[in-house]
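Read from first to last, the chains carry the letters A, B, C, D and E; within each, the first residue is number 1.
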Amino acid sequence: MATLEIDRVRKAYGTMEVLKEVSISIGSGEFLVLLGPSGCGKSTLLNMIAGLEGITDGQIRIDGDVVNDLSPKDRDIAMVFQSYALYPTMTVRQNIEFGMKIRGIPAVERDKSIREAAALLQMEHLLDRRPSQLSGGQRQRVAMGRAIVRNPKLFLFDEPLSNLDAKLRVDMRTEIKRLHQRLGTTIVYVTHDQIEAMTLASRVAVMKDGIVQHLDDPQVVYDRPANVYVARFVGSPAMNIIPGRLVDGAEGLELEMDEPKGGTSRISGAAVSEAARRRYAGRPVLVGIRPEGFSLAEPGQQAIQAAIEVVEPTGPDTLAMFTMGGVEVIARLAPRSAQAGQMASLAVETAKVVLFDPQTEIRID
Amino acid sequence: EPQIEVLHHWVSESEVAALNTIREALAAKGYGWQDSAVGGMSGGNMQQALRSRLASGNPPGAMQFIGWEGVDWSGQGVMRDLNALDEANGWEATIAPQVLPFVKDGEDLIAVPVNMHRQNWVWASTAAFDKAGIDQPNTWAELIASGEKLKAAGVVPLAMGDEPWQIQVIFDALVADIGGPDFYRKAVVDLDEEALSSDTMKQVFDTLRQVRGLVDDGFTGRDWAVATGMIISGDAAMQVMGDWAKGEFLAKGMKPGIDFLCFATPSETPSYQFLVDSFGMFEVDDPEITEAQDALAEVVMDPTVQHDFNQLKGSIPARTDLSVDDFDECAQKSFKDRTAAIENNAMLGAATHGFASQPQFSAVFGDVTAQFFVGDMSSEDAVQMLVDGINNAR
Amino acid sequence: MATKYGSTARSRRHGRILIYGSLVVLAAIYLMPLWVMITTSLKSLDEIYGGSFIGLPKAVTFEAWARAWNQACIGTSCTGLQPYFINSLMMVIPAVLLSTGLGALNGYVLTKWRFRGSNLIFGLILFGCFLPFQAVLLPIAQVLGKLGLSGSITGLILVHTVYGLCFTTLFFRNYFVTIPDELVKAAQIDGAGFLRIFISIMLPAALPIIVVSCIWQFTQIWNDFLFGVSFTTGDATPVTVALNNIVNVTMGRKQYNVDMAAAMIAALPTLLVYVVAGRYFVRGLTAGAVKG
Amino acid sequence: MTRKKSLSARLAEWLPRLVMVPSLLVILVGVYLFIAWTGWISLSSSRMVPQYDFVGLEQYYRLWATPRWHTAVANLFIFTALFLAVTIAIGLIMAILLDQNIRAEGALRAIYLYPMALSFIVTGTAWKWILNPDLGIQRVVNDLGWESFVFNWITQPNFAIYTIVIAAVWQSSGFAMAIFLAGLRGIDNSVIKAAQMEGATLPRVYGSIIVPMLRPAFLSVIVLLSYIAIKNFDLVLAMTNGGPGGSTEVPSTFMFSATFRRNQMGVGAASAMMMLMTVAAIIVPYLYSELKESRDGH
Amino acid sequence: MATLEIDRVRKAYGTMEVLKEVSISIGSGEFLVLLGPSGCGKSTLLNMIAGLEGITDGQIRIDGDVVNDLSPKDRDIAMVFQSYALYPTMTVRQNIEFGMKIRGIPAVERDKSIREAAALLQMEHLLDRRPSQLSGGQRQRVAMGRAIVRNPKLFLFDEPLSNLDAKLRVDMRTEIKRLHQRLGTTIVYVTHDQIEAMTLASRVAVMKDGIVQHLDDPQVVYDRPANVYVARFVGSPAMNIIPGRLVDGAEGLELEMDEPKGGTSRISGAAVSEAARRRYAGRPVLVGIRPEGFSLAEPGQQAIQAAIEVVEPTGPDTLAMFTMGGVEVIARLAPRSAQAGQMASLAVETAKVVLFDPQTEIRID
C-alpha cells in the first residue's frame, strides 16, 4: 500500500512528445484507471512508473520518495502485462516462483506464497501446466498470481483483460475488483475499455494525446464529463452530443434542437448556472444526453417526437436510433418498446443533460 | 574434323605443355583433341568422373592411365585392344618388359605408354651441402647421420610434406634400398605375409622413424613443390621425390650437377622405381572415334612425339629404343640407370602410384606409413597394422 | 539512450563498450580468411614462395586476377574461368528457379491441401535432405545416361533440382503453415482454383521465403563440386570444377595467387547474393523458416 | 443419394495430389531407390564397378575391421558434437549481442554471414595457411616477439580434427546467428520487461527465459548444422586431405576414397549405409514427433 | 436472397463427431445468427454451407436446391472471415476485384461495382492501400466490400467483429445491421458474442457441442431460454440461476430461496402452467432471474433482503452482487442506488422469472 504522485511528468522520444505534463496523485489503496484510446501514452506512463522507461521531465514519487532513478526491481511494484508475459518454457509454478528465487527467498516461504496465491486465484490444479496449456483467463490468473506473490506496494496492470473474450472479461473484471478489496493494494490500471474503467476505478484519468482530460470519480466522469471528448469516450453507446440552442423560452430556460423534417424540439429544465445562462442564452450549445436519459414518454409528459430508424434489441434493453439536430441519436429503451419506422414520444431526464461549448467543447456548468 | 575426347588429370603447366605435343601431332593427322581434364585427389576425382561416365554409358574416347587402371578397366570389358596396331608397328618390342604388365591384359595390348618417371630420386642443394660441409650420402645411415650437421648449419635436412603419398615415396625407396629388389617384390607387389611381417620390414619402419627426425615441423599440408622450393632456396638440403620435381629446378635456371644434385636413393643395388603414363582407348560405337583412337595411339608411340613430350614433362620416353642425348643430365642418368636396372632385375613399379599392387592394397601402405610417420607408433605396431590391413583388403 | 531493455545508466555504458568490443573482435576474426585470400591474390608468386602468406603484399599486382579470369590453363585449353563461369550461370539459374518453384508448390499442397498421407510424403522428402550424395553418384549417373542427359548442363540442372527439392519444400512448408487457411478459403469462394490461388495469392505472399530459398539454393548449387565433376565433362563443367582443375595440380607447382584469385572469382556471385540479399535472408528467416 | 461428380470437379479434387506426383516420384527414385541400390551394392562383392551378386555382410565385416573407418566414425562424432556445440554457442552469443540495438547491425551481420557464401574448398585452403605453424597465426605471433607461442594443432594427429571444427564453425556460425536473431526478434518484449521487474539481471533474463524460448530456432539450427556436419567432405579435403596420418578421416571421405580410389565399392556402399542408418536413427524420431505435433496443432 | 435449409446435417472428422444432426431452416432475407462457445462447431457448419468442408450426412439446400456436391464457387455465396482473409499482397481495389476477375466480369462493370461498394462502405479513399496499411475496422469493411460485389444469394459471416475493439465493434455491428436492411440478402452469421446475436439476428441458433440448443427469435431466446445453458450463455451479466423450491404458500404459488445467513426469501406470482404446478409443487427448481429483473423495492412492495457484497457502477447502471440460494446473484440497479456492505430491499419482476428443472435443466413452462 502506497501513495503515488505523478508530478508534471513529460516523456519525449526524440522530438516526439508522447506525454505532455501529466500530473496525477492518488492515495494509499486507491484504484486508478488510466483510460484512453490506443496510442495516447497510457502504457508509456505505466512503464515510467515501473521504471522500464526513463522520465524526460518531472518526478514520480511512491510513498513520497522520488523513484526517478531507481531501477524497476527497487521500486517494489508488480506489473501485469496485456500479453501476460508469462515465461512460456516454465510451468505455472516456476513462473510464479521465478521472481522470488531471484530475490533469494527460501524454498519453504516460496512454497507457501505460491500456495496462498494459487488458493486465492483458484488455480491450484494448474500449477504444473505450461502457459501454452492454459486458456486466456487462466493465463491472466497466473499473471496476477505472479504479481501477488511479490506483495508489492503498487500494482500496475496494462490492459490485462483485452485479450479475453467478452464473457470472460466480465468475470475477470469482477475478480480483479474483489482482489483489490481483499488486498487493499494501490493499483494503477491501464485500459481503453470504458466499462472496465467505470466498474473498477476509484479514480479515472481519461487521457488523449498525452494529456489528462479528466481525472475524477468514475460516476462523475460519466455524469458530468469535462468535455465532449470525455463524454463521447466514456459510456457505450456513447453520449449523444446534439447541436442545439439555449433559449429563454416560455417555461424558463429551454434547449432547442432541430428535427430532421424541419421544426424543432424543445426540452426545459436543464441544470445551468446563472453565469452560464447569461453567457449562452440565445446562442448555440452542444447538448449531451446519455442513451438512458431517454425513456418512452408517459401521456402528458414533456416529450420529443422521434422517427425511429433502426432498432437493436440487446436483451435487457432496446437501442433505438433516430435523427435530431442533424446527428444520429441513440436512446436506450425497454425491450420491445419501439419499432423501426415508427414515431415515438420520448421523454428526456433533464437533470442529467450536460451542455458543452460548441467552440471549446468544454462543459458548461 | 573428327574429335577424340581425352580424359586426363594433367593440369599443371609442364604437363599441359607436354600434352600439347601430342595434341599438335594429332592435329597434323587431321584429328581434333577434346580436352577433359579433372585434377585433384591424386586422380581420385578423375576416377570418379570416369565411373559416372561409364555408368551413364558415355565413356570418353581415350583416357590417361596410371598403375593398374588400364588393366583393371580392361577386365571390366570396356577397353579396346590395340593388337592390330601393335603387330603392324612392332611396339611391344620397344617397351621395357617390366612395363608390359601395365599395358597388356593377357595377350592384348590395351594401352600405349608415353613416358616413364622414376620415383626414387634424391634432389639436393649443393649450396646446403657446402654450407654443412657434407657430400652425397651413399647409404641411408649416412644420409640420416648428415642430418645433424645440416641442422647445425641451420638447414632443414629433408624437405617434404605430410601428404600420405609423399611419405609413401620415402617408404617405397626404403623397402627397396634396405630389403633389396626381391624383398620389395615379395612385400609390396606380392603382398607376402611373411615378408610383410619380417624383421626387414621392421627395420624399414625404424629407418622411417629416423627419417622423420630430418623433417621440420612445418611439413603439414606442405605441397611437394613448396618443399622443392626449399631446396632451390637452400633452406633445405634434400628431397626424396620423383623426377617431376626436376622442372622446378630447371625453371629457376639451375644447372644439374652444379646448382643441384640428382641421385638415386642410396642402396647397394640401386633400384629403378618407375611410373608409366599410358593412354587407353574405350570401346565406343562411333567408327569416327575408333579411327581417331588409332591415330592417337600411333601419335603416342611416335618416337619424335615421345622425345618431345618427355623433354617437356621431365620424364624419359617409354620406348627404350630412343636416343636421349639432348636431354638434361638427370634424364640421361635416368636413362642409363634404367638400362642397368633392367639388367639387374631392379626395375620396380612405384607402389605409391599404383604400380605395385591393386589400389585397395597400396592405399593400406599409404594409411599405415602416414599414420606411423606423423604419430608415435612403434615399428612392431606398424608392421602388425600393415599385415591386418592387407588381409582385410584381400 | 534507447536500449532495448532498460537498466541504470552507468552499467549500461560499460555494457555497451563490452558489446561493441566483442562484436568488433568477432568481425575481425571473421574477416581474416577473406583478408588472406585477397592479399595472396594480389601478391606475386615469388613473394608467396618466399614464405609470406599472411601480411600485406609488397607490390600489389592484379595479374593473378587477369590470369584466373581468362588465361589460366585447364588441361590444354587456356581460357581461364570465364567460359565455366558462364556454364555455372546457365546451370544455377534454371536449377534455382525450378527447385524453388517445385518446393513452393509442394509446400503449398502440404499445408493448404492436405490429404491422407501428406505428412508421410513430407517426411519422405525431408529425409532426402540428409542423403550423403557420394553414395548415390553411380545410380544417378546410370539414370542420367538412360535419359540421355549425361555430360550435359541439363542433366546437372535436373540433379540439382531433385536434391534441392528437399530443402525448398521444407522452407516453403514451414512458411505456408503460418499463412492463415482462410486466405485459401476466401479465394475458393471467389472462384479461384488450385493453381490460381497458388499463383495469385500464395506466391506473392511468400516473397520472404522465396528469397531465403533462392539464396540457399543458389549457394548450394553454385558451390557444388561433386555433381559437377561427376556429371559434366570438358566444356560443360561448372566453375567449381574448373577452379578445382586450376587449383589442384597433381604434379607441378601451385600458383597460389592465381588459385586465390580464381577462388575469389568463383565465390563472387554467392558473396554478392549474400551482401545484396542478406538482409532479406534474415528477414525471411524471421518470417517463418525458423520453425524446425 | 450423392450425385455423380463431373469429371472436371473430380480433376480439381485430385489436382493437389497430382502436382505432388513429379516431386514424389523423383524423390522416391533419387533418394529411396538409390538408397536401396546402395544397400544392395553393400551386400555384393563390388570392387571397381557394381556387381549384382550377394556376399552377405562381408563388406560390413571388412568395413568394421578397417582402422580408418573407426577413426572416421570417431571423428564424425567428435566433429559433429563440437561443431554443433561451438557453432550454436557462438551463433547465439553473436545474435544476442546484435540484438542490443547495435548501430552497424547490417554491416556486422553481413560480415558474420559471408563465410556461408563461400565454398569449403575455398575457405579450407585459406584456413590451412592460417593454421599452419610456419605460415599462419603461430608465425605471426612468434614474429611479434612471443617466441614460445605454439599453435600447431593442424600438425598434430590428435588435434587436427579440432582445426577442422574451427574452420567449420567459422563458416557456419553466421548462419546460426541469423536464425537465432530471427528467433529473438519474434520474442515478445514484455516477457523481458516482466523478468526485469522481478529483478532478474540481463544474463539471467537470457539464461532462464529467452534462450529456452528459442527452442524452435534451436531445432532448425540443429537440423541444418547436422546436415552440414554429416556432409562435411570438401572442408576436410581442402584443409588436411584426411591427414596428418589419416587422423582427420570422416565417413564421407572414407566412402569416397573406398569407392573411387581404392576400388572397394562394396565397402564404400557399406559405409554409406552405416551413415544413412545413423542419420535415420536421429532424424526419423525427430521428424515423427514434429509432424505429429503439427498434426495435433493445426 | 434465398432460403436456406440445413437438414439433419452431420459432420465427423474421423471418429470425432463435431456436428450431431443439425437442422435449421430460414426464409429469404432472414438474418440467422449461430451463437455458441468456442469449439462448438459454428465455423464447421458455416464452412459446410460454403462448400469448404464436406458434409458427412444430411442435406444443405439453398433456394430448395441441394448443394451438397457443388463447389464453393458454384453456390453463389459470399463469406467474410474472422481474420478477414484479405489477400495481403493486393491493394484494396485488387482484393475486391479478384473474384470478379476470375468470374470474367468485364473491366467496366468491375469498376462500377467497386465504386458502388466503396461508396456504400465509405472507403473510397482506401482503394489503393494494402491491407497492412489499414486499421482493423477498415479491413473489416474491405472484407465486406469483397463480399458485397459478388451480389450473392447468401452472405456468410464468421465472427467478423471479434478482432475489433469494443468501441469499433459496436459501430460495425450497426453498420452490418444497416447493410442487411438495405440489401435484404439472407445472412448466416457466426459469433460467440451474445450481444451481437441479440442485436443483429432475426433468428438465433444457440449451439453447444454440435447440437442446436435453441432456435428462435432473439428476444424469445433472451426472455424464455430453452434451458439453463442458453439462459447462462445469452445475456451479460448472465441470468442468475438460483436453486429454490416451488411451494404452494399463503399467497398461491411461491418461490422459496435460501438466504445466506439462514432463513428464506419468497417471491410469488411466477407464471407457471397448471401441469408444471402439479408436477413441481413442493419440489426444488432452478429459478432464473435476469439482473434487470431486480429493482430497488418501493415501500410496501414485495421484496427480498439482500446483503450487497460488491458494487460495480457501469455508468448507466450499477451492478450489485449478493448471495442467495447459495449462489452469487447480480442485480442491475440504477446508478448509486446500492453500496457494498449494506442491505438492500430488492423487488423482483415476477413475470420475467423463468423456472428450470434441476435435473434436466430444461425450462419449465
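Assume contacts are C-beta pairs under 8 Å (C-beta built on N, C-alpha and C of every residue); 3 or more make two chains touch, one makes a residue touch a chain.
Since this is a predicted model, take the numbers as computed values, not measurements.
Identification of common neighbours of chain D and chain E yields A, C.
Ranked by the number of C-beta pairs in contact, the top chain pair here is C-D. Farthest chain from chain A, judged by C-alpha centroids: B.
Between chain A and chain D, the centres computed from C-alpha atoms are 56 Å apart.
Centre-to-centre, using mean CA coordinates, chain B is 38 Å away from chain D.
Those residues of chain C in touch with two or more other chains are numbered 2, 6-7, 138-140, 244, 247. Chain contacts: chain B has residues 41-43, 45, 48, 51, 55 touching two or more partner chains.
Touching two or more other chains at once are residues 12, 50, 132, 134-135, 193, 196, 256, 259 of chain D. Residues of chain C that touch chain E in their complex: 180, 182-183, 185-192, 196, 200-201, 204-205, 207. Against chain D, in their complex, chain B makes its touches with residues 41-45, 47-48, 51, 54-55, 72-73, 75-76, 162-164, 216-221, 358-360, 363, 367, 370-375, 385, 388-389, 392-393. Interface of chain D with chain C (complex): residues 12, 15-17, 19-20, 22-24, 26-35, 37-38, 50, 93-94, 97-102, 106, 108-123, 125-127, 129-130, 132, 134-136, 139-140, 170, 174, 178-179, 181-183, 185-186, 189, 192-193, 196, 202, 205, 216-217, 219-220, 222-223, 226-227, 230-231, 233-234, 251-252, 255-256, 259, 268-269, 272-273, 275-276, 279-280, 283-284, 287-288, 290-291, 294-295, 298.
Per the touch definition, chain E reaches chain A in the complex via residues 38, 162, 165-167, 170, 173-174, 177-178, 181, 192-195, 198-199, 218-219, 222-223, 234-237, 290-292, 310, 312-317, 319, 321, 332, 335-336, 340. For chain E in complex with chain C, the residues that touch the partner chain are 47, 50-52, 71-73, 77-79, 81-90, 98-99, 102-103, 146, 150.
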